[in-house]
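First chain A sits with chain B, and in the next complex the same chain sits with chain C.
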Partner chain A sequence: MQFASRHYGNVIVAVPSGRIDHAAAAPFELALAPLLGNSDASGLVLDFGSVDYISSVGLRVLMIAAKQLRARKARIAVTTLQPVVAEIFKISRFDAVVEVFPSLRGALGALSPEARDAYDAG
Partner chain B sequence: MRRIRFWGTRGSLPVALTARDVRRKIAAALRDAAGRSFVTDGEIDEYIDGLAFDVAGTYGGHTSCVELETGDAEYVVCDLGSGLRPFGQAAIARHGPAAPQTYHLFVSHLHWDHIMGLPFFTPAYIPGNRVIFYGGHAELEHALRRQMEPPSFPVPFSTFNAAIEFVHLEPGRVHDVAGMRVTLKRQHHTGDSYGYRFEKNGHTVVYTTDSEHKLADPEESAGFAEFFREADVVIFDAMYSLAEATSVKADWGHSSNIVGVELCQLARARQFCMFHHEPALDDTAISKVLAETRRFEEITRTGAALQVTTAYDGMEIRL
Partner chain C sequence: MTAGAPEDVGLRTTRVRMTGVAILVAFAIVLAMGWTARLPLQTEWFDAYQVISPRRVDASPVTIVEIDDGSLATLGRWPWPRTRLAQLIHTISGAGPAAIGVDIVMPEPDPLSPDTLLPRIDADAALSDRLGELPSTDKELASALATAPTVLITAGSPGPSVNPLRVAPFVVRDAHASAESAARAVSRLIAFPGAMASLPLLEDAASGWGFVSADDPRGVLRRVPLVANVNGTLAPALAVEMWRVALRVPALRLATAGGEVKGVTVGNRFFPTESDGAARIWFSHHDPGRFVSALDVLEGRVDPGRFAHRFVLISVTAAALGDYLWTPVGEKMAGSEIHAQLLENMYDGTLLQRPSWAPLAEAAGFLVLGGLLVWAVPRWPMRYTSLLALGCVVVALAVGLGVFKGERLLFDAATPVAGLLLLSGALLALTLADATRNRKALEQVLQRQREEAARVAGELQAAQRIQREMLPLPERLRDPRVEIAASMEPAQEVGGDLYDFYMLDDHRLFFMLGDVSGKGLSAAMFMAVSKALYRSAALRSLDVDVGTLMSAANREVARDNPSSLFVTVFAGVLDLASGELDYCSAGQESPYLIRPATRDLQRLAGGGGPPLCAVDDYAYASAQASLASGDVLCIVSDGVTEAQNAAQELYGSERAAPVLAAADSAREAVELLRADVRAFAGDADPADDMTVLALCWRGQSVAE
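This part shows the complex of A and B:
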């Protein structure tokens, strides 16, 4: 698994890639941790466009992130799920835990118009 | 080991079909028939066999009770849920009340839904029968006696006329019961529960219910995969979705279809059988979960296919 992140306005966009399987879950959790503590951010969007697979342990990390963000009234969303990952979200009912958007721009717009403007400005 | 027979598959509380449920099934079957007419019973049976299970059948409502047909004359049963009553009646109908039988009853844990059938287990009242309870809990006998004390029940445990025995089983040790090699494993559940691995004549059945998998500790998952190793069938507590099991229902002591498939794949088990159905789910909802779980197995498959089934009262699995 690879991991990158950047800001658009007050929203953090995290971009993991590869397989978030049992071996990758711990590095994924470690990579996310500093982003969850950022109290200036109003939300976190996970761009899953390059994620091929996520296992139960990876989804558990997402649940921990969702709980932590919600505790400080921040939002969490995922975008651009590959078809197989979208199915895993549906079957595990994680599509009811985190908001799922077809595009990164759409997710940013839903979380914060300011973030979408920053995205549009490049 | 020849066959598994399910007498109770529901979690937590027995449920019953209502008149409204039956009406909905009849309406769906008539709609599906679309004006077809049937002359013989054979034609009717053929038509019913072609209907979806949630229309023509029901997953059923008895709580946990699973019979293992070992090929031996003695009976082996996992858990004493409300399904134990029809199991006992069937055994009596088969042999008549006068022919003494031996019943080996394995108890996963002492929650009510897993012991509530015992007061209605007729063979225990018949002299000459032998009833042996097995479990990992020190309070097993106390719990079984207590539920038959006033003011909860009018007939005390001491009324049982069969020869009653209690056998305490230690996890990690190999026990020889009714010609089977039996091992047990302690599981995450309030008050602890035990999963059982039964082996005989090259066949293995794992009964693992009321077991929460925390997912935080890879060694723990590896331990369960080892316990399920190459089993023919893993009867698994898939009560909740993964999202529920890791959020609102975390620490409620149950697991999900997703974790079950992953553990069985890791263990290279042959069949994953979902069990301990959530009482709030109707037949259509359980059928939907079955279809989704089969799809999940397909998209996550790495080696040989894992057969995915979901238990219903009356279901049999031939080994």
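This part shows the complex of A and C:
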């Protein structure tokens, strides 16, 4: 699993890639952890465009992140799900745990217009 | 890599080798700079060459006329009147020697000379007249010296010269005509503040004046300066001066190059020296054949052939008077015999040479042999490396000795060999230490792995036992209206799958299948807790729909969830009388509804919500379906849909549909599905528990 992150306005966009399976769950959790502690951010968007697969252990990481963000009124969203991952989200009903958007721009717009402007500005 | 873990062999070899190279380079620098030149080891080794291979003397060009104890016993004690020395010189001179070296310094007038005696005695006139008529013994010696090719000695002294120093002219000739180089070379000559010479009367009469000194580090004489710097004057050694007198040349030449003295040229003979003008004598053993007694000479008992065209040295060797020095061949020798050996060396061209590039050659040899050891020691078994080290030592010593014997060149084999032994010792010690450390580290890792395996095995066993014991047996439910089949194949690492079923009342069957995210003991414990909480929630509120039950269970389970796990659950309540199904899925794969009557297969996808614990206080909605008699409901955990083959392809949920469509009973559904997943996964290890729960409602058929 690879992991990158950047800021658009007050929203953090994290871009994991590869398989978030049993082996990758711990690195995924550790990569995500510092972003969750950023109290300036009003939201976290996970761009799953390059995520090929996520196992239940990976979903658990998302769940923990969602609880942590929700506790401080921040939002969490995932975007650009590949079909396999979208199926997993649908079956596990994780669309109720994190917000799911088809595009990054849409997700940013939903979370913060300011972030979308920053995204549009490049 | 954790601390103390075994390192790979390459890394260890590299460390041993780095240390080896460090020692190698450091010692090579020490050798190349010649810092070991003054070490006793090198000196002793050069002496050893001479002991092993002393010079053989076939025919010496030198005869020593020794004023020995026998001469003194017969002719009177020393000092002899100088007339007797004159007589001795006359006798030798008559035989036609090449040169006569008088190894006696006579700085004072002869105390036995009549003119010296006369003022000191109270003689009558007659005696005075008679004594006055006698010639001065010094004059008599001077006339003897003047008639022969004689060389007197001047002895290096720590104080300034008393008599003026008389020397043959020296011409300094630099190979590249560099005055600076010549001056630098001259400044390197062994220097003495002064020298003690004989009376000017005698000096004037002699043909040559040879410098005598003993440069004897640690008491053994090895080197003799062929030319010394006596208070600014270049003074040739006695042997050189005897050569000059013998060759009848007026001047000497000092050859220099690159700021170093290269040697002394006398006529057509060149005598190489080291950079300070000194030569190393290749000693033979003491040879009595070199000596004749002065008494025998004076009494005419010596064949004149012993003197003709030879170098003759006149010297006092009487035990009480002679100067004896230790030599590298392990014998004490009279100073005159050392002069004789030097003359022989000069005659035979057998002076020993230590080339100025010798330290570099030694360093290079050390680098080659040491490099071999550095390369081999971490790689070869110890018995081979020991043999190799021994081989290197033997090669170095043999080459050193061979070059000495063949070329009379002095190469220090002993110091590099000491370096090689040091190096191989260090390399062996390091390799051993590394091997020991690595073995210990390996043992530690093995121990840790054993402990970890035991711990995991214990945890796994506990988890598997919990999981197994929590599951109800399908045959326990003896109701003809329903057939239940279940299968759970635990993965190698236990997951947290669970299923459960029980009658809520006479007609209503509650069933559930859950899958805890996560693995191991915590997942199994959470599964057990979830199942118990679910059961209590279900049994507490018998009349509510499954969605409400799910919401209640979510609250219960989420309340105590320290590991932040979540659990996907499919739960349903089947009315065995009517076939009405009320169900709710919390993040669980939609069950398959197989209708054997129509060979139709549906997925129950209505209602539901996220997994339990994922969202607090989620309001789960239930959905309903009506089962026909013979319908089979099949619920699978994600161990089925996420089973992978070797190519990492997922089994998915679509592959199961045609397989299950063929099932006519719960048991068939479970077995067909399990077989198909196994065939798909092949040899790949299951990553997760694979759980299938199937139930077949037979209500209508039973009723019919």
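A few notes on this one:
Quick note on the criterion: the second predicted complex is superposed on the first by the 122 of 122 C-alpha atoms of A that agree within 3 Å, B and C clash if a C-alpha of one lies under 4 Å from a C-alpha of the other, contacts with A are read in each partner's own complex, and residues count from 1 in each chain.
We take it that a residue touches a chain if its C-beta (ideal position, glycine included) is under 8 Å from a C-beta of that chain, and two chains touch if they have at least 3 such contacts.
Please read all numbers here as calculations on a predicted model, not as lab measurements.
Residue contacts after overlaying the shared chain place A:59 against chain B and chain C alike. Once the two complexes are overlaid on the shared chain, A:73 sits clear of chain B and of chain C alike.
Comparing which residues of chain A touch chain B with which touch chain C, the overlap comprises 22, 53, 55-57, 59-60, 63, 67, 84, 87, 91-94, 96-97. Across the complex, chain B meets chain A through its residues 215-216, 218, 221, 241-244, 246-247, 256-259, 262, 292-293, 295-296, 299-300. Chain A contributes residues 21-22, 53, 55-57, 59-60, 63-64, 66-67, 84, 87, 91-97 to its touches with chain C in the complex. Residues 515, 517-519, 564-566, 568, 585-590, 608-611, 613-616, 618, 638, 641-642, 650, 653, 687-688 of chain C are the ones that touch chain A when the two sit in their complex.
Against chain B, the residues of chain A that register as touching in their complex are 22, 53, 55-57, 59-60, 63, 67, 84, 87-88, 90-94, 96-97.
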